[in-house]
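Naming follows writing order (A, B, C and D), and every chain is counted from residue 1.
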Amino acid sequence: MDPTAATSSGGNPADADATGPTNTTVTLPPLTLRDVPRLPSALASPTPAAAVPNPISRHPYFHPPATFYISPGDVTLRHAFFDIASAAPSPLVAYRRAGPRGALAVDPAAARAALVTCGGLCPGLNTVLRELVVGLHELYGVRHVFGVAAGYRGFYGADEDHVRLDPAAVDGWHKKGGTVLKTTRGGFDLGKIVDGIVARGYTQIYAIGGDGTMRGAVAIFQEFKRRGLNISITGIPKTVDNDIGIIDRSFGFQTAVEIAQQAIDAAHVEALSAVNGVGLVKLMGRSTGHIALHATLSSRDVDCCLIPEVDFHLEGKGGLFEFLYERIKKKGHAVIVVAEGAGQELIPRTDDQKREQDESGNIVFLDVGPWLKSELGRWWKREHPNELFTVKYIDPTYMIRAVPANATDNLYCTLLAHSAIHGVVAGFTGFVPGPVNGTYSYIPLEDVAVAKNPVDVNDHKWAWVRSVTNQPDFLKPKHNI
Amino acid sequence: MDPTAATSSGGNPADADATGPTNTTVTLPPLTLRDVPRLPSALASPTPAAAVPNPISRHPYFHPPATFYISPGDVTLRHAFFDIASAAPSPLVAYRRAGPRGALAVDPAAARAALVTCGGLCPGLNTVLRELVVGLHELYGVRHVFGVAAGYRGFYGADEDHVRLDPAAVDGWHKKGGTVLKTTRGGFDLGKIVDGIVARGYTQIYAIGGDGTMRGAVAIFQEFKRRGLNISITGIPKTVDNDIGIIDRSFGFQTAVEIAQQAIDAAHVEALSAVNGVGLVKLMGRSTGHIALHATLSSRDVDCCLIPEVDFHLEGKGGLFEFLYERIKKKGHAVIVVAEGAGQELIPRTDDQKREQDESGNIVFLDVGPWLKSELGRWWKREHPNELFTVKYIDPTYMIRAVPANATDNLYCTLLAHSAIHGVVAGFTGFVPGPVNGTYSYIPLEDVAVAKNPVDVNDHKWAWVRSVTNQPDFLKPKHNI
Amino acid sequence: MDPTAATSSGGNPADADATGPTNTTVTLPPLTLRDVPRLPSALASPTPAAAVPNPISRHPYFHPPATFYISPGDVTLRHAFFDIASAAPSPLVAYRRAGPRGALAVDPAAARAALVTCGGLCPGLNTVLRELVVGLHELYGVRHVFGVAAGYRGFYGADEDHVRLDPAAVDGWHKKGGTVLKTTRGGFDLGKIVDGIVARGYTQIYAIGGDGTMRGAVAIFQEFKRRGLNISITGIPKTVDNDIGIIDRSFGFQTAVEIAQQAIDAAHVEALSAVNGVGLVKLMGRSTGHIALHATLSSRDVDCCLIPEVDFHLEGKGGLFEFLYERIKKKGHAVIVVAEGAGQELIPRTDDQKREQDESGNIVFLDVGPWLKSELGRWWKREHPNELFTVKYIDPTYMIRAVPANATDNLYCTLLAHSAIHGVVAGFTGFVPGPVNGTYSYIPLEDVAVAKNPVDVNDHKWAWVRSVTNQPDFLKPKHNI
Amino acid sequence: MDPTAATSSGGNPADADATGPTNTTVTLPPLTLRDVPRLPSALASPTPAAAVPNPISRHPYFHPPATFYISPGDVTLRHAFFDIASAAPSPLVAYRRAGPRGALAVDPAAARAALVTCGGLCPGLNTVLRELVVGLHELYGVRHVFGVAAGYRGFYGADEDHVRLDPAAVDGWHKKGGTVLKTTRGGFDLGKIVDGIVARGYTQIYAIGGDGTMRGAVAIFQEFKRRGLNISITGIPKTVDNDIGIIDRSFGFQTAVEIAQQAIDAAHVEALSAVNGVGLVKLMGRSTGHIALHATLSSRDVDCCLIPEVDFHLEGKGGLFEFLYERIKKKGHAVIVVAEGAGQELIPRTDDQKREQDESGNIVFLDVGPWLKSELGRWWKREHPNELFTVKYIDPTYMIRAVPANATDNLYCTLLAHSAIHGVVAGFTGFVPGPVNGTYSYIPLEDVAVAKNPVDVNDHKWAWVRSVTNQPDFLKPKHNI
């Protein structure tokens, strides 16, 4: 963005005076709406006359005011901050705002919805399921809602893998951890899945899962399109690691941070109660360190937070051991948080481990926690053999994933599920609902499927965070000169 | 915004097709930066040469990259969503982005900071205090930080009301509810406060409190300006009710909702366990119903949520009793959440109560909880004398306010306090730090002091929420025709 | 007990020396087993030959060893401590030890059990219900188990008040607060109840409720006997106040204390955060102060604990106000816990209130909490009008009653329910299962129905407790001379 | 006990009738008081005249009634249940009842107390420390109380290892996990310890630790006696495993079970949410399975609880795999709890591991959790290669040990600490305070040091428990014949 575009006389927007707030005005680049796809039937009959009126208008108790429904021009901005003195993203990007529409493109009476959960557990999974069922029934009168058991493979599974769900069946699910539908990994066979969907007459698919699941949903969406099917698919990203981009955060993340902080508390107590005590906590986060980072900032008792986005080294000048030793000498103890994806390149691998690959062809992860615990012990024994030393290691992974959602996440999951439903009955497909800068929006599924959300270590935020935790950046000595 | 400005061929942005996401482009109105005031000394020496380099650049462990510091053009947008098909807010408003600056306008070595808490308790108060102390010391080397006891009156209080604080003194405060500094209401005497500030040589004031405290901070800011003093004042809004506008939410709010949800759980259990049982929970919220609303949506067990922004009536067609009776007949029980400010005009007042005014000249609040409980009992006894009935009433107010902040709020308080410090050492004054659409920003104090944050009952969001909870809108019969 | 009976040479058992532990021997008074009644059928066929072998012996996975079954001579002592130097209780009293018997007096295949809950909520109610159902099914193969809805009145209620229960139906109940069966007070009509029991063919009644419920169970037991019915009745005392004697404590009590302590924490924080702040918490306990007392000792932040067993006065020498003022001057704040039955004689009553009686003919309770809060405010305003003062009042009653049982209580409820079942199939009736000095026992229902459990203010324990909390005994000045 | 001694006419105490409770009377064997040692000074001046009156009698607010003080004849029974029809323990054993005595054998003004914590963490440690400090100061006016840092070695450590403690210093400790004093293992050098104690003039030692610590305390007691020192030593058993005998349970145990149950909940959710899911939780308990057992009974979601006291085998008839397979087929999932000491003889050891011994010369423990997890995976892959299978393993050890005590344990720790103090000022030494059948008592330290507390698998209780959990007893096939 050209700073000369500023219409303030002083040119530089920093020139405020102390007499009160001042204003500076600039022009903005154009705005592009990144729209979501629609069902063939929705495209074929775009006139309001053909549309179904929203049944919420006939609600017995509640009378929607004129402003109730989202209008076609309602959008949300993807970037809510930028540097007006330098080149801004051009054009700016916007998404459709989520919410109920006055006219439906789908007849709820004929709808047949299927819900499926894939991948690992995440707090709030059952809330999303419950709210999809309750919302479909109570808002739109959809009477045929099914839970598909055990992930994508359930679509081509037995009849008992397709369980009819109604509000009575899902009563209390929002207070349960895990997923009542059960979840698995893998089993993605596109042809068999779509055949199964068609055979059972489903018209709406809600797929809740991680990045693999989102990529699978994109493939299903494209296969629907290829076959010309009038079936919608909605992806609801489930990643306790918060490693999905574009949306503000993934559901369950705040709950995970809450429990992670409790594990850090325990490690802190163990460290404090020992002579030269170190508390070590491994937290989830294979490609991103969000849980580690947020729990560190919430806890304020962490001396060092190691995440996949930042390299570190153990020995020598500027290394972890040097830093730790200083902390222990100064405070008598130290607490380390390590994300599971951190330090993978430091851990020695056997030849087998070097060859081993996961289902996606990536090299397998080694467990950084026990390795680091062991390295710490060896280091101290070697360097300070006559001084007491204790490392207590905590891996709270499965105690974090399995808890019910807290209030913040329960609310989030509720709004997420309802956003999804409103979008589907409006005729959208191939989309993901989610908050963008605080406002629920619809984002193309294919965009979300490829969006990463690393901790940006070049941005103000992470740098600032590092200064808050006061930890090293583990630059090699050469950088220090 | 003129829809004809749209550059897409189809005109209506809703015309996407099913072949994939599509784009529509429009132009935006100009953007105005609503800037915050600066200290006289900051204005007098605007050249970088005169500025103090940020000591974070000399951090022993951490080496800030080039992107670490906020640049003068970094702004955040106030409105992150709008209707591109109709008149958008023109101009759009932006605020300065919060964060560390490369050059300081204040010499930390000469700084003398005072922290004060006013008004009622709120989860996270002690975290904000702790992080102000820790941040001032560790980030900027400010060595003279004082806690002022018992609210604004402490500024003109005794010496023992001014307690020196350092990181050791505030150790563990972030895990404590309440405020270690103690807090009071009232005692605002502008002349004595500013005299006291000058007499003790404070150069930075951090005032943490509700809307009255923010208005007081504006007055202090203006008195500083009138006297030409080089003292900054920063307001940190503390309102568990979340009734402050512009910023995304106030600290402690998420924690309050968490505990409020537990009270609702208890009321739900009581209602479920009785024959024709009603659970009634009164939650904080004199002018706004945010806690009631969020706890209702988090809990999903509430049948009716009464807030100050929506009138309701008890008797007759469309009234609360009619609705409750139907719910009880259908489900066997019901749960009601009422914000403390709801229904004030329905509660009969004695002549004394009609005359009584609070310190601000407003009519005093009556306690809606016991009144509603009593009305419910009388109604049932009158209408259904031979049927069992139970109302259990819970007022969790002081169990909510006094808890320590949860992880989400602890993180929020940490970033809030650090944002405040970064702004103060950059020479800003008369401002409030806070997240705007997810990004920490600096907002003029006087704007925040008058910004309300009612639940917008004409907006999509509330209407949608009401449809989710499936409760009536209590329109009088005439509206129903 | 005659101390001359001591066989040690020194006479006084205190004469140990420092060379190690020493022994002193005395004789004990005789021991009387206070036995529980049996079913007519159990009395008629006392020979082992007629008895049914315990089906646990045929368990597919578990092979009970010889020591598995309780033998007829297994008893537990009621008094586990006494003064051997003075008159001991003579005779000592014992109860039958609870647990499985090798031979049953009841054929499980023909059994038909009914479960009923009466009175107020208590943590663990649903666990007791669940474990009765699971235990009857899994241990003894009882296939006909019914939940009777809404208290004693359910016995003569409609068919839908009798719900068949099996392990699948009660899955997860132990994690729910309240009672799934619903509970009511009153409705005790002996003839209709016993007629209803007979009409539905129940052979085992499990009545879970407070002292009124236990007295009702005694009446039912006697009516069964009068009619010569072969139906057993077992009482399971449910009193969150812990005001039932003989058994060690009532279920749910530990959970209640846990939550009560949280309320005290909140009151402590409120008091600490104010100038001259007082936190006031009202806790359950109409006739006994156990919750108040235990929560006080658990919390350690209480300055004064007022219970029904100890009179107190407000004004004058040795009164509450004098004590409070000294504490506030010394510490800056104070925390008061008051049991709901304390100070009833101090609260002024209107003529109506003097006349009003509850269903049992007792004078109605007035709410001590708001009264004391108001008296504190008036006192301070009168005596110290120029000093700040704050009272924050918390009534956590329904937040305490409604929570699920904690681990300690869940275990207790499990053992309690299984103890009950083992006793019933052994042919016992008119009994209460419960721990006596740590060992589960069977106690005659009529003994429990009249056993009170006041805090013994003349015993070491309370006196000692008072010295721990360091609070006054509110002796009137005359006593001080 | 001779059943012929029964004075009831019918002989067999089982012969009750249905007309009401009946009584049977028997005689009891003699009772022996197992007394605790006394200080030389207490033995030398046994006359009341020489004794110091208890300062509690001069308490400003509280006036101890006549019944306040424990009398010399107050004892508690070790065995509160027995079989009156067979040989009872003869003689019965009693201990001194704990509590304040009217006359002290120790002058509090001259006392100098030292507190030390050894071994691993346990919830409630800080509460015990705090209450020792507060009780010594407030009850008896002992002004010289010191915390000895880092275990027994602190006695011969530097000056800074001896920290003066008073009520202000320990404020809030009861809400903190861990031990503020820090704790270590080992470092027991008898001569140096006793020399250090003498050199610093300590007159009362309170040693809080596990069985090693108790054995150390016995050695110190004997060395005191050998040297004729007038110094008391009191042991407070700290064993989260509850593996200390005689006393009812160890402090922190209930808290540990509470948190352990949460880990089981998480494992249950993980198992339920997977196809053929197994949740595996390892809990503390090297020689005893109390935590595993209690958490199993509290949770009710455990299919199999493996403890050190019961052998099990994996393969073949009656083995774990067979049982698990049946459960998984029936329920779709299974939850296993394993105590850390279980199955040690099943885990293959390397030659190094076979040779390795811990400090006490015992063979080192191998980690049963990962081993069992791995064995389960191999078994399923081998036997059911085409069926999905998931094992989720949780090791919550350090999250359990480090939490603050819950309300039940905080109360326990308070009474324990006060019991200890009352005993010490009465002149007792070489003793342990603790509840025996619910009543606080003084037990000879040397008895406690050797008392084990295994889960008695031959007693009713464990057998009954096994029937409750419905799990196998893993008898080898030969036993089944």
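Quick note on the criterion: contacts are C-beta pairs under 8 Å (C-beta built on N, C-alpha and C of every residue); 3 or more make two chains touch, one makes a residue touch a chain.
Because the structure is a prediction, the values reported are computed rather than measured.
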Intersection of the contact lists for chain B and chain C: none
Centroid-based (C-alpha) most distant chain relative to chain D: B
Interchain centroid distance [CA atoms averaged], chain B/chain D, Å: 48
Whole-Å separation of chain centres (CA-atom averages), chain C against chain D: 25
Residue numbers of chain A (touch at least two other chains): none
Every chain pair meeting the contact rule: A-B, A-D, B-C, C-D
Touching residues (chain side chain D, partner chain C) in the complex: 3, 7, 12-40, 42-43, 46, 56, 59, 61-65, 67-77, 80-86, 91-92, 94, 97, 99-100, 130-131, 135, 138-139, 174, 225, 248, 254, 257-258, 260-261, 294-295, 297-300, 323, 406-408, 410-411, 414-415, 418, 429-430, 436-439, 444, 446-447, 458-461, 463-464, 466-468, 470-473, 475, 479-480
Touching residues on chain A, where the partner in the complex is chain D: 121, 150, 176-180, 182-184, 262-263, 265-267, 269-270, 272-275, 277, 388, 392-396, 398-399, 401-403
